[in-house]
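Have a look at the structure that comes next, please.
As written, the chain order gives the labels A, B, C and D, with residue 1 at the start of each chain.
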Amino acid sequence: MEIEIISFGKISEFIKPQKLEISGITHTDDLKVYLESSFPKLSGMKYKLALNKQIVQQNCEIANHDTVAIMPPFSGG
Amino acid sequence: MSEKKIKNIFVAGPIDPAFIADSIAKHGSKTAIGGHSIFMGQVRRDEVDGKLVDAIAYTAYEELALEKMHQIREDIFEKYPLNCMHVYHSLGTVKAGQICLFVFTSSAHRKPAIDACSELVERLKAELPIWGKELFDNDTHQWKENI
Amino acid sequence: MSEKKIKNIFVAGPIDPAFIADSIAKHGSKTAIGGHSIFMGQVRRDEVDGKLVDAIAYTAYEELALEKMHQIREDIFEKYPLNCMHVYHSLGTVKAGQICLFVFTSSAHRKPAIDACSELVERLKAELPIWGKELFDNDTHQWKENI
Amino acid sequence: MEIEIISFGKISEFIKPQKLEISGITHTDDLKVYLESSFPKLSGMKYKLALNKQIVQQNCEIANHDTVAIMPPFSGG
């Protein structure tokens, strides 16, 4: 299936917005493993995912055409 | 479920003190209010390894931030007897000495306004997907992290 | 003992939002500041036995109040790492909806400014010899009491 | 001896600024008793004294020409 990836803050410097063709990945925990191997810089970093504009708090199922945001720690204010 | 009215909190560039004055003045007609509490974040000219911060460039995951802010707003209104609550955050470039965050709460007596304001600031910093990139005077940068 | 510089805190009549904006804007050159906390007291149009408060007339034992404020200021500066502290209180008539108290603290990080501001407000209310006379819409009055 | 009396807030409505000739009164506690008998309205009220611009926390000695302020509870802010 195909998902859309967006990223923010310092992560946006090495992961550009893109469509990803993934297979065998059904949940966000699997996706994290996949992302960290595809983008090795990510593995040492603190980050959170948001799935379709919802922050991922626990392992969530991913569907075709979902949007996943990769977000480093927030620093507003 | 009731219809949600998602309010925008983002303003382009720094928050002008005149805008804050306007916001205060508008509350003059709300004569049930006895106390206002305000917090403002200002960009510091920090020194990092000999370089000085000229400005911070803010970006956000806007839709998620506004959704989250809506929840926070509802939580705070439920917890404290407030008459008003206003939150504004800059996007884009804010120079050192300029204001990037403006939180404004009002209540009949002082305590709820003060407590709600400080709780809001903590929650905004922890929960809103906003990122600050510190721009140094030698054209390098560093991504800010809230502690 | 060092020489005391007793600052005045009293202003005649209400505190203008434009004055507050000016005060905020002046801090734009203080680029070590990261957070500002403000508290403002506003006169409420309370209803008491069917009468409405039109205004509060403030009087003070000025010399004692300024002396006491000086002590409070020193205590707070000693307790919190503040960059700035400003306090203004009205004397004379302040109408419902107008501002009678303006407390403004600033620090590098948010916590000291927020905590100092709220401690200042508590101490001012408890310790400064200031009295508010609530003027009702039928020309009667009642002396306010802080609880 | 002679002392000067000033008053504030609601107390100023029934005790006007005045000079008081007192005898046999040397301390603020005695003065309170004297004031409450001279101004009966005062006896039911909460109030504090200030002696020469110092709030009286404990019994203080009064000297000739001192200024005593009679102050109801504060209500600033």
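Keep in mind that, in the parts below, a residue touches a chain if its C-beta (ideal position, glycine included) is under 8 Å from a C-beta of that chain, and two chains touch if they have at least 3 such contacts.
Molecules present, by chain and UniProt name: A, D = Molybdopterin synthase subunit MoaD; B, C = Molybdopterin synthase catalytic subunit.
On a predicted model such as this, the values are computed, not experimentally measured, just so you know.
Note on chain placement: the centre of chain A and the centre of chain C lie 49 Å apart, centres being C-alpha means. Taking each chain's centre as the mean of its C-alpha atoms, chain A lies 73 Å from chain D.
Mean C-alpha positions place chain B and chain C at a centre distance of 23 Å.
Within chain A, the positions touching two or more other chains are listed as 77. Touching two or more other chains at once are residues 41, 110, 121 of chain B. A linear topology is adopted by the chain contact network, the touching chains following one after another without closure.
Pairwise chain contacts present here: A-B, B-C, C-D [touch as defined]. Put simply, chain C touches chain D in their complex at residues 41, 58-61, 63-65, 67-68, 89, 100-101, 121, 124-133, 143-146. Remark: chain C residues 17-18, 20-22, 24-25, 27-45, 96-99, 106, 108, 110, 113-114, 117-118, 121 touch chain B in the complex. Put simply, chain D touches chain C in their complex at residues 6, 8-10, 12, 50, 53-55, 69, 71-77.
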